[in-house]
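Okay, so chain A shows up in both of these, paired with chain B first and chain C after.
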Partner chain A sequence: MARVDLKGISKRYGSSVALAPTTLAIEDGEFLVLLGPSGCGKSTLLRIVAGLLEPSAGELWLDGELASERTPRERDVALVFQNYALYPHKSVAKNLAFPLEVRGLSRASIEQRVRETAALLGLEALLERKPGELSGGQMQRVALGRALVREPRLFLFDEPLSNLDAATRAELRREIASLHARLAITTLYVTHDQVEALSLGARVALMRQGAIEQVGAPLEVFRRPLNTFVATFLGSPPMNLVPVSINSGRYTLGGLSHLGAPVDQGALVLGVRPHQIQLGPASARALPARIESIERLGARALLRLALREAELSVEVDGASDFERGAGVSVAWPPSELHWFDAHTGARVELSR
Partner chain B sequence: MKLGAKFWRRVAMALCAYAFLAPLFYMLSVSLQAEGHGLGGSWLAAARDPHWENYVRALERMGDWRRLIANTLLVSVLCVGGQLFTCSLAGYAFARVEFRGRELLFAGVLATLMVPEQATAIPRFLLFRSLGLVDSFAPLVLPSVLGGSPFFVFLFRQYFLALGPELGEAARVDGCGHLRAWWSIFLPLARPMLVTVGLFTFLAAWNDLWTPLIYLMSPEKSTLTLALASFNRSYNTAVELMLAASAMVLAPCLLAYFSLQRLFLRGIAIAAAKR
Partner chain C sequence: MALLVLATLALNCLGGEPSAARVGEPRRLVVMVDERGFESWPGLYELEREFEARHAGLDVVLLEQGGAVGQQDKARFLLAGELQLDVTRIDVTEFGAYLAEGALVDLEPYLRADPSWSAEEYLPVIDGLRDARGHLYGLPSTFTPYVMYFNRDLLRAAGLDAPRAGWTWDEFLAAARATTRDSDGDGRIDQWGVSLTQWLQALSPWIWQNGGELLDEHGERALFHEPQTVAALEFVRSLLHVERVASFDASFEVTFSQGLFQAGRAAFYGPVGYWETYRFKYIDAFEWDVAPLPRAAREATAIAMTAYVVPRTSREPALACEFVRALAGPRFQGLLARIGNGAPGLRSAALSADFLDPQRPPRSEQVFLDVLPTARFLPPLANWRAIADLCAAELAQVLLAEQCDVAQACQSMSRKVDQLLARERERAGLVRLRAGSLEASFALALAAAAALGLALFARSRGRLERGEQRAALVLLAPWSLGAALFFVGPAACTALLALCDWSPLRPLSDTRWVGAANFARLLEDPSFHASLRASVAYAATSVPVGLVLALALALLLREHSRWSVLTRTLVYAPSLLSPVVVAVVWRFVLDPDQGLLNEALLSMGLDAIPWTRSADAVLPAFVLMSCWSVGGQMLVFLAALQALDPQLEDAARIDGAGWWRRLLHVTLPQLSPVLLFNLAIGLLGAFNVFAQPYLLTQGGPGDATRFVALYLYESGFRRLDMGYASAIAAVVFTLLGLSTWLLLRASRRWVHYAARSAR
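Right, the complex of A and B next:
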């Protein structure tokens, strides 16, 4: 178990910045998820914490001790890779035993720890097999075991579920969550999958272009995104963003003027999540729209609506009987509106 | 005509096989013929009346043949061990250890491929003489142990690069230093490469005449190739004895190749597939 403090950690390759100076604290026992599109610097950050990459500047502290200069071995961290990185010439048992052998544990205690770990993860029947004879899910389970077996201070995950099929992914996701609940090892988890981020993380850090855009509890980040990137990256389908112009506190949309803009004058971006939009029968007084397309997904259906100056995604119950080309009216609870600066994309709070 | 590609491929392969097998066949047939025919004897005569005693006489002619075999084997095995150790370690470093000037140094190592051995023979001899190592096995073995062949360093580097970065990272996070990662993870995975490089090195050392000729003087340090060369007298070269000896010297090489053929071919295929 460990507390992790990143202080102004950055990584540059020549003139290109892989990671802008980043300061971040991970509490003892916390599960923190780094979420972002590929190339956003999240794996770079993880590898710096692991000691596999040297930061260009900044300090890494583990439990109040400066660890920037330490080898991976001295940091006592464990890393689970996207492609499992099991040792192909060693059996499952030998893979599990290897980190303990390297640390010079006695044969008896190695055997005991391997047996306990195998039991914890349901690997007993696979111990004599080689990695090549296992399915992807089994291999990642073994990799999980190899990380767990020496009870590290810090657990690092680098997109561990990305190579697995959907069912196995969901199963292992639950397993990782329950392991963390039981063992409470400090965890840093890198993913580009928002479902993993929202379901696993006690906190989520969203990254883009080498910088952290927002850190917070999953629901907080989802409900109060600090900018348009976070707003559209979280949520599927993504939040609708519509540029609107504002005059004396009213914004214009669909040829109608609406109350509730956060500023008196100017141009802002209005955001509303697809599941917050309510549809009704077409009427003269409500915001009119036409249904452009319908995607039926079973329990839910996704509609594309055409307004006069914008398109909206809407998520409705799968049983509703909307038809393509039909006219509807659109409404939303004012409390579910988000406002962003038209230029910077930063969140604008309702101040009145 | 659907005689086609398959037929012509067979013909081409038969020609190749002939080109490779004919000298072997010729060597065997001459080695079994009666004394005094020189290179002109017919293989039919040799087949009708094979003079197996040529092989015994060839051994006698070579003198202390047990010593020759032991010397050659010792040198070859030390070369193989040294080459595998040095080349795999250097290949690992160039593939998996980050250090300043790595690419430049590697380019330098590769550049030495362009320098023919003959060009460095004299400075090298002077070096070994100043160390007092002439007429010992050291000049035959040390270059393999200390330098290795740049081409084999290259092969190992490519092989380790192709394994991807994650295995090395996993080993380091699991607590390995570079040496331990090389020994416990990368070497066992490089078995086809070890066999290929080992076989090449063994053959080169076993068949080497040039280096022993330069450095070895004492008869008790002589190698098989030196003994073979000494059959070649200006008068009275007993061709059948020389070729009988050649056949015996060649046999272990063929044996080594055929017993390791499968692994060897895999190593070649891997080397060819990676950039």
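Right, the complex of A and C next:
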């Protein structure tokens, strides 16, 4: 169990910056997810915490001790890799035993811990097999076991579920969540999958181009994105972003001006999540739009609307009988609107 | 090496019998006689021009005979390959073998047809080139009796005169005692009375002088055990071990070394021939000269000679004989005398100022002619080389060992030589192999290989489409053809030859059946066992050392850095060199007297190590040399390392494993297939090493570097016992096949072919 403090950690390769100076704290027992597109620096950050990479600057503290200079072994962290990284020539049991052997545990206690871990993950039947004889899900279970078996202070995951099929992924995701609930080991989890991020993380840190854009509880980040990147990266389909124009001192959209925003904020972008948009029969008082396409997904249906120059995606009940080309009116609860600066993309809080 | 033998056989099988010049082809006269390097070439070119002018349409082709090592080998290659060779020069110790195998053209008819011919123009040494009927089979080039060199200044300093003709062993011993000194008083002798030579021809004069003989008058029994011989060897031994006035001079074989005599540290040097004047002429630190050998019961010395002969593969014997006469004629003999190659066999040249040049040391060149009446050739036996090799090894034991029962050792030497003589007599009664047997075995092996290939191909039919089949055939064809012609066929011939007696001096058609006799001999041949031991010792050290070094280098050079490309290239480059080049380069490194390695050791204040001269140091020296060529293995390791999944290494680091444990548990298991490959290839390579010992040590010191490949070569081309050489090849092939099979079987325990963790 450990508390992790990153203080101004950065990594550069020559002139290119892989990780901008980053400060981040992970509480003891917390499950923090690093979320971001590939190449955003989340794996770099993880590898620095693991001790596989040396930071160019900054300090890493573990439990109040400076750990930047320590080897992975001294840090006592466990890492689960995307491609499992099991030792191909060792049996499952030997794979599980290896970290314990390295630490010089007695033969008896190694055997006991391996058995316990195997029981925890349902690997008992696989102990004598070689990794080459296992399925992807089984291999990742073994990798999980190898990380768990020595009860590390800190648990690191590097996109552990990316190579698995959807069903296995969901199953293992639940398993990781329940393991964390049971063992409460501090966890840093890197993924590009927002479902994993939102479902697993106590907190989510969103990263882009080597910098953390926002850190917070999943719902907070989802409900109150601090910029357009966070707003569009989370949520599927992504939040609609529509530039609004300034007309005689009022922000207007589609000729209507009842947006209620003051004019002192400069150029703005309006954001609204697809499932918050309400559609009604065409009417002069509401915003008029036309249905460009319909994508039916069973329980839900996705519509693409043309609203003057802008396009909106809307999520509606799967049973609704909209037709392509039909005119509709668009409305949304003003409380569900997000405003962003058109130039910086930063969130703008509108006073009413 | 084995390839060389195979290729020779292949040439032979395909080449067929030499025929007289074919119609329309230009007539050629192939001559291979160069003496003492470049110095004889102007004279040869002159002879070539004159000969071509005299015989319109004739092309005289001059071939180089090669350097000091294996000088006699090239002629044997040409003969074994049935290639045209009209004139060559052989050592007279080879004469018996050439004559017995019918490898020489009888010159008598051609000489008699020439009214200007007279054998009287030559010194009596010419009689060493006659067969039992008195027919001449060659004309002398140069000859030299064995004499004693002495350092005039050292003798004078000891108050002694130059030795007179007819001086005795006692006088010799007294002079040696008087000149042996420990001048700096450190208990180690630094000035020797005698620097002794030790090969059979150099030791024979001692035996003869004491009234002993090497063989009986019929050449059927060895007489080493007779008391005169034992006493003679006891005398030589006493010079070394009792009187401590003599040291063996090892310099003769070692090219760069300066011998004791040349360094002014020995008063006498011998018995040895005229050829040493060639390198002693540069001595200006002291005055030196030659004297007859000291006598005991009688005066006697050995004689060395080279002769021009016409081999059986000559296509122009008449012209060849004419060319031989020109070579043995006054002009060329005069040139040889001026070069200082030896005494010319032509009387007029030997007595001329060209040879007896008073301006040139030694002052007493006349001695070489004066001792002729007491000089003898070694007996002209067909297997003289085998006997000489055996005796050299036995005599080295007798003379060098601190303790030795000479009489018993001589008994044993006689017994072994008797066996060799008996076998030589038996060879005459062997039955010829039926004509075409070798060709048939060649064809049979090809047919069997083709059938096997087709059967395998047919089995794969179901899995391949028609187009793929054709492509597979086309792609396999060049390799299969090469493997069939240059491996399968020759291998079958070798297997058959292993059951036969064949000298490369004979046509291949004259191969005689001996059954399993060659293999029976192998079982009892201590030299073969020694060579196997040497090879095993070499493989057991050089292979693991090479593997570890290659792996260590690969691990070091694995990371990309600014210098890694350069460093990798530097490490890899030597492995591209031919073994011959490696041997030549390392001769400069390992030479005990002037080598780089010893210079470095000395400059660091350490003792020099006699790398190529000590049986204990020579194996480490060879292992060191093999390390230089480790780049190929390094490259294979490097390629494998770069194909490894870096995440596994990361996983192990996270699991807490340090560098060593990661290497042992993660890197090595993944490298194990490559490790096995390098191990198997390295093992085969170690048993095939040939050029390095051949060029660097000629198998010595003792038998320390006479590895199986070298022993095989020496058996075939030096002792002219190709059947025996083939039997060695078969045994070594089987042993290596067996050990490779065992290695592969055992590897199942430690080689992991498991695919890298799936992505």
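Convention: the second predicted complex is superposed on the first by the 343 of 352 C-alpha atoms of A that agree within 3 Å, B and C clash if a C-alpha of one lies under 4 Å from a C-alpha of the other, contacts with A are read in each partner's own complex, and residues count from 1 in each chain.
By definition in this document, a residue touches a chain if its C-beta (ideal position, glycine included) is under 8 Å from a C-beta of that chain, and two chains touch if they have at least 3 such contacts.
Note that the structure is predicted; figures quoted are calculated from it, not measured.
Shared-chain residue A:274: touches no atom of chain B or chain C. By the touch criterion defined above, A:50 lies against chain B and chain C together after alignment on the C-alpha atoms of chain A.
In the superposition on chain A, A:345 contacts neither chain B nor chain C. In the superposition on chain A, A:78 contacts both chain B and chain C. In the superposed pair of complexes, A:163 makes contact with chain C only, with no contact to chain B.
By the touch criterion defined above, A:98 reaches both chain B and chain C. In the superposition on chain A, A:216 makes contact with neither chain B nor chain C. When the shared chain is aligned, chain C comes close enough to touch A:136, but chain B does not. Touching of chain A by both chain B and chain C, each in its own complex, is seen for residues 50-52, 71-73, 77-79, 81, 83, 85-89, 98-99, 102-103, 146. Per the touch definition, chain A reaches chain C in the complex via residues 50-52, 71-73, 77-79, 81, 83-90, 98-99, 102-103, 130-132, 136, 139, 146, 163. Partner chain A is touched in their complex by these residues of chain B: 164, 166-167, 169-177, 180, 184-185, 188-189. Interface residues of chain C, counted against chain A in their complex, comprise 645, 647-648, 650-658, 661, 665-666, 669-670, 672, 752, 754-759. For chain A in complex with chain B, the residues that touch the partner chain are 47, 50-52, 71-73, 77-79, 81, 83, 85-89, 98-99, 102-103, 146, 150, 156.
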